[in-house]
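In the part that follows, the structures are each spelled out as structure tokens.
In the two assemblies presented below, chain A is common to both, partnered first by chain B and then by chain C.
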Partner chain A sequence: MTAVEQFDRVAVADAVKRVVIAESRLSVDPATITETEPLVGELLRVNSLGFVGMLVQIEDVLDITLPDDLFVGRTFKVVGDLVDVVLQGAEASR
Partner chain B sequence: MTATLPTAWRSVLPYLSEPLPPDRTPPGSGGSGVGVNLPMELVRQSVLPREYWTIPDEVIAAYRHFRPTPLWRATGFERAIDARVPIYMKYEGGNISGSHKLNTALAQAYYYKRAGVRELVTGTGAGQWGTAMAAACALFGLRCRVFMVESSLRRKPYRGVLMRMLGAEVHSSPSGLTEVSGQRSTPLGNSLSLAIGEAVEYARNHDGVAFCIGSGETYSILHQSVIGLEAQAQLTELDTQVDAVVGCVGAGSNFGGIALPFHAAAAAEGSTPPLLVAAESSTAPKLTRGVYAYDKTDATGTGPMEAMYTIGSDYPIPDAHSAGLRFHGAAKVVSALRHTGDVAAIAVGQPESLDAGRLLTLHEQVLPAPESGHALAAAARLATTGADGMRAGRGVLVCVSGHGYLDLGAYEQLLNGELGDEAPVEEALLSAVAGLSPVYGDRVPAAVAGGPA
Partner chain C sequence: MSLVTPALSATDRTELLLARSRTALTLTPPIGDPAYARYCHELARSLTTAWPAVRSANARDIERAERRGLPPTLVNRLRVTDAHLRSMVRLTEQVSAELATVSASGPRIPAGDWGTLRQIPKPLGVLLMVYEARPTVTVDGALLPVVVGNSVLLRGGKECGATDAALAEAVQSALAAAGLPRDLVTVVDDPDRSVMKALLKRPDAVDVLVPRGSPSLIEYCRTASSIPLIASGGGVNHLYVHESADLDLAATITLDSKLPEPAGCTSVELVLADRRIAGAYLTALLRQTERTAKERTANGRAAAGVPAAPDGEPPLLTVRLDPAVPGPEPASPGRPWRIEALEPHDLGREFLDPTIGVLAVDGLSEAAGHIRRYGSTHTEGVIAQDAAVAEEFARRVDAATVVVNGSLRLHDGPKLGIGAELAIATGRLHVRGPVTLGSLLTRTWVVEGNGQLRG
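On to the complex of A and B.
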């Protein structure tokens, strides 16, 4: 069984939140971040430049390869948007 | 010559002595969400310090139509300039686009197609990039839209015709189709950054459309490494070595392509690299007279602020025949290597560069693009009297980035004695960089001296 096959939404969400927290230069428990938390808001401060690096970090952390067609022309507003697409990508790379 | 086409591109990122300074978000940007308009593989190629990247089979197949490109000792040119050392030239003009730009255009079109994009839009100065993008889109089944600098399109209308023959829609920039073109107040402006800005805005406002760029991006320079990798193999076949490598610089893809594989190879082996010399236009002397600062990459100012040697994105670069070199800043990879002293630079004026092109035409039977003339002039200096304390002792490798068949108007002006130069005056440069944030330190240097700081 590959690393990807073991992923469920909780595990992916946790990994995504950790990367998002680091990108926002915060020190908070990932459990305190909900999936409806805006990526650009009062708490999280992700920008498009950091987002590029985040994607590569997520691939590294989850040991997956995200497909090319998941990101072009898409806008991500809340943490859950990113979790959705990473799950979708992880599924596609199985 | 039997040198084979490389099967992988080689990145210089693992061999930078300092990490690239991170991009910065432009003032006033933000909004309700984030996104990235790049295929993931281009994202990875931009940030990961992986040395080798396998070239996709489809791109290899396309490369095989025109690669490996020829490299030969330019003995006729050597005699014409009374060179003390051999000069080897690598010629990138023998493809449908007429320049090296096709190397990355093919790769980008392939990745964007895989990402589900239906149309690519871009800005072009001399038209070489636009032509390359049109050709690559035609090959990979994408629509193509090109904003081309108005003065350049007027001067070289057949560039536009060729792009249209390749299926592209071509707009003269400023086009009036975009807000950024309407806001532009100066008639000269930084015309390439405006054309790019128009393309950025157009892509942002249309579904299924992505903006692509072919020069300063780290992934573009990676794709261009095929030039230097081939040249290394070809020099080895000739059982020779050079101690200077020269390419022209608009933003840096040609120079990066020919030169940076030599930096990577030397760093990997622990040997001394050749002198890597960027030849720039004296009308846009970012590497010799610019400052190392954060600046915009396009006229919309919505893209990232990148660490670059720049003469200021608002500096109105004078009109010149080498439109491909009329860009305010150098690529961040090239700039970082300039900052650490790994890259040298020479600024060349228009008459000198075109005269070098004339000599190549006469003695090597190759008509180079005016941009390439800058590299040839710099190579000639290195092989003869030297320049700025630099002089080749064993041999010079120079990249001729493209052909000049659509630039004969420029050569006609040279032959008629009508060419001039418009190097920036110090006050204009100081004014253009005054508001920029330096990459290191807290203020832009008072003197615009350029070079490693």
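On to the complex of A and C.
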């Protein structure tokens, strides 16, 4: 079984939450962020300028290679949207 | 010449980049050679000549970005204007003017009774700059490190690929005209992230890493690479208002530390006000905000900010207020400020917009403790008429710069009169604060022994 096959949503969600917290210049516990938390709202302020950094951070943490255009042309409203796309990207990279 | 060819693997392309950059480094003249001043002049000339081509390439990047569905904020970051060219030319002049000082040898000092010592400047070596969609950084990187003899690899965002390629042509033309190796500046046009990752894993071939961009990118460089790094950790900055402060001055300083560049890394995020004067400080702050809004309206909409507006427009300033601080009456429509409740997650955050938090504290110790816990060691400030308090704050608070009774935005190389800067560093080694020309070199001790033996 490859590393990608071992991913579950919890592991990917944790990696995604950590990068969106960093991108929002916050110091909060990832466990306090739910998947329904808006990416641009009272708590998180994720800016698409940081997508390259987020991509390489997620790749590093999960030990996968994601497609370059993973985030391009898509609309992300909540944390769960990003988790979905990273899971799809991880699947596609197998 | 581009190395992006299917005939070479990512590993081979990385090796070639590193070999060319290192070779260029060995071919460069010593710091202080007239070629570097010539390069400043030639770069200004070359950028000006090439500007129509740069604008045209930039238009292609913009068009592609819009077609790919990138959001307007990012598209605007990609755009270069004639104002950017004027800034670039000014930067070449400023850097040229600093060269003689930064290139000079240190004074001769006695070594015992047998000889003398002095230090002479030397380049850091091969620098790798990693950044996102910012074409102006390409010129910063092609100028400041290079005039003190470094060889640079510039890896920008692929969204700026055409613009960076046009800028690279102008840079290489300037290098050649100045008599410097063309490979002294390499714009890494390889979009493959595996090349960037491979470069980050070569501390044997890259001497210094300079990431500029989002927190994720900087954090990735910090954790994934063992190359010595010059980077900023972001600006979670505070102002401590002591009870001895002139509160009108404190209000003015607060606004100057926020409104002109709300997302800047030297912007204030949280004001820590002594509990006894916190309410009075807030009153002064809101009064000054109203005055500023009136001035802006009187002057016509100031380019740097948003003036007071009746309805539907954002206020000039949003204050997230500690519930322990007595607030004002609810704002009537048209007020240029808004009050919201300070939330726990606001502590340690960069708002990146015209918002500040105000938190009451019981004295300097509590303020210093808060800064230690939540600050990013970038820029911290104290406002106090009691000189002993200001001195104690400077002694106890750890940051790249501590500003006493002044705007946090003074933390800027040119404004401080210490020279052009590549970035503001928050690391603990080599350089902290403005990364000036003098920070982009190292030094060699020259020992003049006059035949002296160790014995």
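To be clear about the criterion, the second predicted complex is superposed on the first by the 90 of 94 C-alpha atoms of A that agree within 3 Å, B and C clash if a C-alpha of one lies under 4 Å from a C-alpha of the other, contacts with A are read in each partner's own complex, and residues count from 1 in each chain.
In the analysis below, a residue touches a chain if its C-beta (ideal position, glycine included) is under 8 Å from a C-beta of that chain, and two chains touch if they have at least 3 such contacts.
Remember, it's a predicted structure, so these values are computed and weren't measured experimentally.
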Combined model on chain A: chain C and chain B, fit or clash: clash
Partner chain(s) touched by A:39 [first = chain B, second = chain C, both, neither]: first
First, second, both or neither for A:56, with chain B first and chain C second: both
Touching partner for A:19 - first (chain B), second (chain C), both, neither: second
Chain B versus chain C as contact partner of A:28, first or second or both or neither: second
First, second, both or neither for A:67, with chain B first and chain C second: first
Touching both chain B and chain C, residues of chain A: 47-49, 52-53, 55-56, 59, 65, 68-69, 72-74
Of all residues in chain C, those that touch chain A in their complex: 68-71, 73-74, 77, 132-133, 157-158, 191, 193-194, 196-197, 213-220, 223-224, 234, 236, 343, 345, 347-350, 352, 374
Contact footprint of chain A on chain B as seen in their complex: 22-25, 29-41, 43-44, 46-48, 111-112, 114-117, 207-208, 210, 304
Interface residues, chain A side, partner chain B - complex: 38-40, 46-49, 51-53, 55-56, 59, 65-77, 81
Chain A - residues contacting chain C, complex: 19, 22-28, 42-43, 45, 47-50, 52-57, 59-60, 65, 68-69, 72-74
